[in-house]
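Following this line, the structures themselves.
The following pair of complexes shares a single chain, subunit A, combined with subunit B in the former and subunit C in the latter.
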Partner chain A sequence: MTVAKRTFDAVIVGAGGAGLRAALQLSESGLKTAVLTKVFPTRSHTVAAQGGVAASLGNSTEDNWHWHMYDTVKGSDWLGDQDAIEFMCRKANEVVVELEHYGMPFDRTDNGKIYQRPFGGHSQNYGQSPVSRSCAAADRTGHAMLHALYQRNVRANTQFFVEWMALDLIRNADGDVLGVTALEMETGEVSIFHAKATIFATGGAGRIFHSSTNAFINTGDGLGMAARAGVPLEDMEFWQFHPTGVFGAGVLITEGVRGEGGILRNASGERFMERYAPNLKDLASRDVVSRSMVTEINEGRGCGPDKDHVLLDITHLSPETIMKRLPGIREISIQFAGVDPIKAPIPVVPTAHYQMGGIPTNYKGQVVAPKGGNVNAPVTGFYAAGECACASVHGANRLGTNSLLDLLVFGKSAGESVVEDLNSGNLSLKPLPADAADVSLARLARLEGQTNGESVFDVGLDMRRTMQKHAGVFRFDNLLKEGVSQILSVAERAKRTEIKDKSKVWNTARTEALELDNLIEVAKATMVSAEARKESRGAHVRDDAPDSPEFPNGRNDNEWLKHTLWFSEGNRLEYKPVTMRPLSQDVEPIALAKRTY
Partner chain B sequence: MSINRGRVRWQCRRALLELDLVFARFLERDFDRLTDGQLADLEDLLRCEDHDLWAMVNGSNPCEVDRWKEMIGLLSQR
Partner chain C sequence: MTKRTIQLKMYRYDPDKDDKPYMQDYTLELEPSDKKLLDALVRLKSKDDSLSFRRSCREGVCGSDAMNVNGKNRLACLTDIDSLPQPIVLRPLPGLPVIRDLIVDMTQFFKQYHSIKPYLINDAPAPERERLQSPEDREELNGLYECILCACCSTSCPSFWWNPDKFVGPAGLLAAYRFLADTRDEATTERLDNLEDPYRLFRCHSIMNCVDVCPKSLNPTRAIGKIKDMMVSRAV
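== the complex of A and B ==
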């Protein structure tokens, strides 16, 4: 079978915030840049980001990047790499101001500066009091950001391939990345995108869980492609469960609600966060809030007939404030909880929200993997940014508003690195191996010819239920062990999926089967990595690793202050050190400490 | 030229979980019964921004385009 070939300086997979920011850097540098995306760029999941983007502008309260760096390292439970965290926090003001110049309609203060509001985990003066650091555009920050970046890309002549699904990474015998194969949904034809540089910006894979805030497109395509091509996935045991998902639907209620004064209450109406986080209360870090909520439920203080949720109360705010600052939240509550939050509190539970781990990169956005004794050897021609990547700035737990910052900073950084690597002669268009498309064609042929196979829906449902039960917000050793064998069994079934519709054109059943191939890699990585890490840290909370004088919060730095690397081949794990040294010699490392709020 | 149902079905994949949940119900219950005319209306509606579409579905922003109203009605049915 002949496979068409297209050639570019750079190919980017994914057109959310990170992909668009990277594309802009390349196109404005005059490089021939292709962006592949399953859906129209402005329908990427970045649209859903409500809260804001963190930057220590200090417009509302005194602030500086050192405080932001401290909060981020502490939030990460010291698993974040301090060089990447310094880089991100120092770059924050620059990328936010840049975005403002691209036309981003940030909310304004009365004197015309960017309005900033408080957000969970962000503080003044190294944890002393909440700070206003989040720059927002009402509760549509992600939407506004995506539109500003997309329009700028159109101006820069970025070439978009819309409704194309990338299938597999192409590597040569040296392991260099040469591009991707991709399927055009409109024709069902496979093409090779041959490029000097390949950037993955495919977002997260929250759909591995049964209860998730993620849209259906979040199927971890970049992670699946990387894993199948021999690139490890880093720290995949760390998933942030957002404290406030609408009970029964998973839909997100932004942390901004608590920033504006929302209060969590148990069945007796008590503001229970006062007991768990006396200083920051309802604005404590997300995992602290999630754990507190589940503890309330587990100890019988939950609400409703089954005592299985808690309440988020904003009834004390004026209707005008709710309508002005939180217009979308009222609509979500009415549709999915049947409650008008002006009149009654919203029923909420923790729900899977954000993946801290991903494709390992350095702060430059270069993908790194162990090679020849170097645990962080760059993979030539391969870059990643945004939720699919692990820089690692979020470590074991991400702070709200640091994700939009991550995709701006590291999208730009990945783009800059490609330009630098091209200029320095480190990148070139290398010859494609003769079998460049064979893996993808074999996957499609297998799907085409499968008989007596498994239903994509059934296997997907079993994967999501297994992940929810065995690797949820609280983790237990026996459940994790069972979970490993169960998810490996589900993965075997995923190799035999069958689709009844064999048509080539706009075959959504085929697309969903291919997406499941990616999800299952992420699910295996998550379960195996979680089972192996025998401590509690950040969002990874184990019942058998509780708070103790020897191991505060269950964290064991002697044995587990290290990054997990999961390899699909052989389903094996390796580990690598956390970078505790900041980027600059004159910046002091943030010393290990117990994480309390 | 007839509208490809597969294309329209794929374009019901949205950026927001809220809309995915609404469209999942709609695809299961209503989609296969749509006439070509209704399909054309739906395809037109799907060009909307997600937040705008969501606002019409949840009633916070009334639909002002006559040809979209029938589809908004189907999507809004809980």
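== the complex of A and C ==
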């Protein structure tokens, strides 16, 4: 089979917020850029973000980036790298204002500035009181942002390859990244995208879990490609369970609901968060709220006939506020919970939502991996941004609204780094190895010829159930150990998936089989990393690492203040230090402390 | 709970093996958790993996799973199975070329969207902070910016069926008005000039199918009316 080859200065995989922001940087610099995306750009999952994007604009309440940085480090349970966190928080105003200039329809304050609302874990004056830091377009911020970014790319004449699925990363013998192979979904043809620089902006992999707020497309394609090509995945044990997924359906209800005054209640109507987080209450950070909810349910105070959820109450808010600030939430509640939140509370339950870990990068968006004694050696030609990347700004737990900020800041920064590295002559078009497409072609040939295999649906279902049961909100040593062996056996089965549909044209059975390969890498990384981390930190909380005077909240900084690196080959782990030093000399590190809200 | 069974009739076409399209009948047993039409389609695909359709967010914001359901364009993810008379007849969106099964070629739809310059135009030097906009002026964008580009509207519009290459269609015109209505945009004249044509804007005859089918309850006809008003007021 001959494989067509296309050549570019840069290829970007993914056209969600991070990919589009990076693309803008490259297109406006006049570089020959290809953006590959398996869905039309405005269908990317950024579209589903609701509550807002963080920036210390101070439009409603006094604010500054130092406070934002403190909140983010504390929210990360000190696992976030402080250089990257400083970079992100300092850049926030710039990238949000830029977006406004691109045309994003932010809500407005009475004096015409960008409207901001309070959000979980964001505070004034180092944890003292809630702050309005979330810049919002009603409860459709992600939709408004993604469309504004796409529109700006239309203006910039960005070249998109829509409904092309990237298959594998191409590396040479030195480990340099030379581009990707990709499948055109309409024709089934495979092409090589040969480039001086490759940026991954492929989003998360929330579909490893059975109950997830994530879209069907969130299959961790970038992570799978990176892992198969020998790049480690960082901190994959840390998954955010969003406190308020619609019970039963999993659809997201923004934290902005609580930002606007919503309250979580148990079966007796009690505002239980007052017991768990006396200061920030319902606006404590997400890991804390989700655990509190599950504790209420486990201790018999859940709602409904099976006492298996809690209620999110906004009936005390005026209908006008709900219609103006939370119109999308009202639609979702009516559609998926059968409840009009003006009249009755919404049944909710913690739901898998966001992957804090990912492809390791530095604050410039360059992918880094251990090489010759340097644990953070840049991989030549390879960049990543957004949810697929781990900069690491979210550490062990992400604050709400920091994901949209992450994709803007690091999408831009990855784009800038590519421009810089190209201009300085650090990047060139390196010769393709003769076997550049062989891995991809072999995967496709395997699927084509597989007989007596299992269905993608069945294997996928077992993967999702295994992850849900063994790596959930609370984690148990024995369940994690069992989980590791179970997920490895699911991974073996995934090697023999069989599809009945052999058509060349828009074969979604084939796409789903290829996506499962990617999900499996993420699932293995998650379970193995989680089993190994013998402490509780942020979103990773184990029964055998409880709160104690020696280890507050179960966190063990002496042994575990370090990033996990999981390597697919050999299914092995390494660790690297957390960067505790901020980027600037004159910025004080945020010192380790016990996390309370 | 007793298992529910539904009957579906589905448009099938795979150019790789079919000479022409045909309708295929399915009887499908649902699980209790299957509530929306998309749940049923995903269930059906687990049994017949050759069935092709687009889907992503499953909550009505990405616009992927628009299709013609019992004669009306809708999003599968926002359609209750139990609200539909059976057999549920599923066809691709009308008026666009079919690639395979329920997947249509949306090139023409996006070409029209792109033709209205769907981006803010303001070439004044950008201020250091945000451009100011009053809450009232921002309110003008409500009912416009929420469009998800699902194409339910344009593919239910007879004028778009007849002239997909010349008539912008309801989705594109809604977007055109979204920028005309934005106080930050400075290209009003250019935008109106771009639509001053017997086809691009004026092929809308207020049939209002677009309003009827919009899954986000938007009103392209009203937006088109406002553009026509702007045309008139600049002519006098």
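The rule we apply is simple: the second predicted complex is superposed on the first by the 597 of 597 C-alpha atoms of A that agree within 3 Å, B and C clash if a C-alpha of one lies under 4 Å from a C-alpha of the other, contacts with A are read in each partner's own complex, and residues count from 1 in each chain.
By definition in this document, a residue touches a chain if its C-beta (ideal position, glycine included) is under 8 Å from a C-beta of that chain, and two chains touch if they have at least 3 such contacts.
Note that this is a predicted model, so its numbers are computed, not measured.
With the two structures aligned on subunit A, subunit B clashes with subunit C. Of the two partner chains, subunit C is the only one touched by A:100; subunit B is not. In the superposition on chain A, contact is made by A:334 with subunit B only, not with subunit C.
Once the two complexes are overlaid on the shared chain, A:48 sits against subunit B and subunit C alike. Once the two complexes are overlaid on the shared chain, A:456 sits against subunit C while remaining clear of subunit B.
Between subunit B and subunit C, C contacts the larger number of subunit A residues.
Of the two partner chains placed by superposition, A:587 touches none, neither subunit B nor subunit C. The superposed model shows subunit C running into subunit B at a single listed stretch; among 185-193, 203-211 or 221-229 it is 203-211.
The residues of subunit A shared by its contacts with subunit B and with subunit C are 39, 42-45, 47-48, 140, 143, 186, 215-217, 249, 251-252, 328, 331-332, 335-336, 503, 505-508. Here subunit C touches subunit A in the complex through residues 14-17, 33, 35, 45-46, 48-50, 52-64, 78, 99-101, 103, 106, 110, 114, 117-120, 122, 126, 128-135, 137-138, 141, 145-146, 148-149, 179, 182, 184-185, going by the rule given at the top. Looking at the complex, you find that subunit A touches subunit C at residues 39-40, 42-45, 47-48, 57, 97, 100-103, 105-114, 137, 140, 143-144, 147-148, 151-152, 154-155, 186, 215-217, 248-249, 251-252, 328, 331-332, 335-336, 455-457, 499-501, 503-509, 512.
Every residue of subunit A that touches subunit B in the complex is listed here, in rising order: 38-39, 42-48, 140, 143, 163, 185-186, 212-217, 249-252, 327-328, 330-332, 334-336, 503, 505-508, 511. For subunit B in complex with subunit A, the residues that touch the partner chain are 4-7, 9-11, 13-21, 24, 49-51, 54-55, 57-58, 60, 78.
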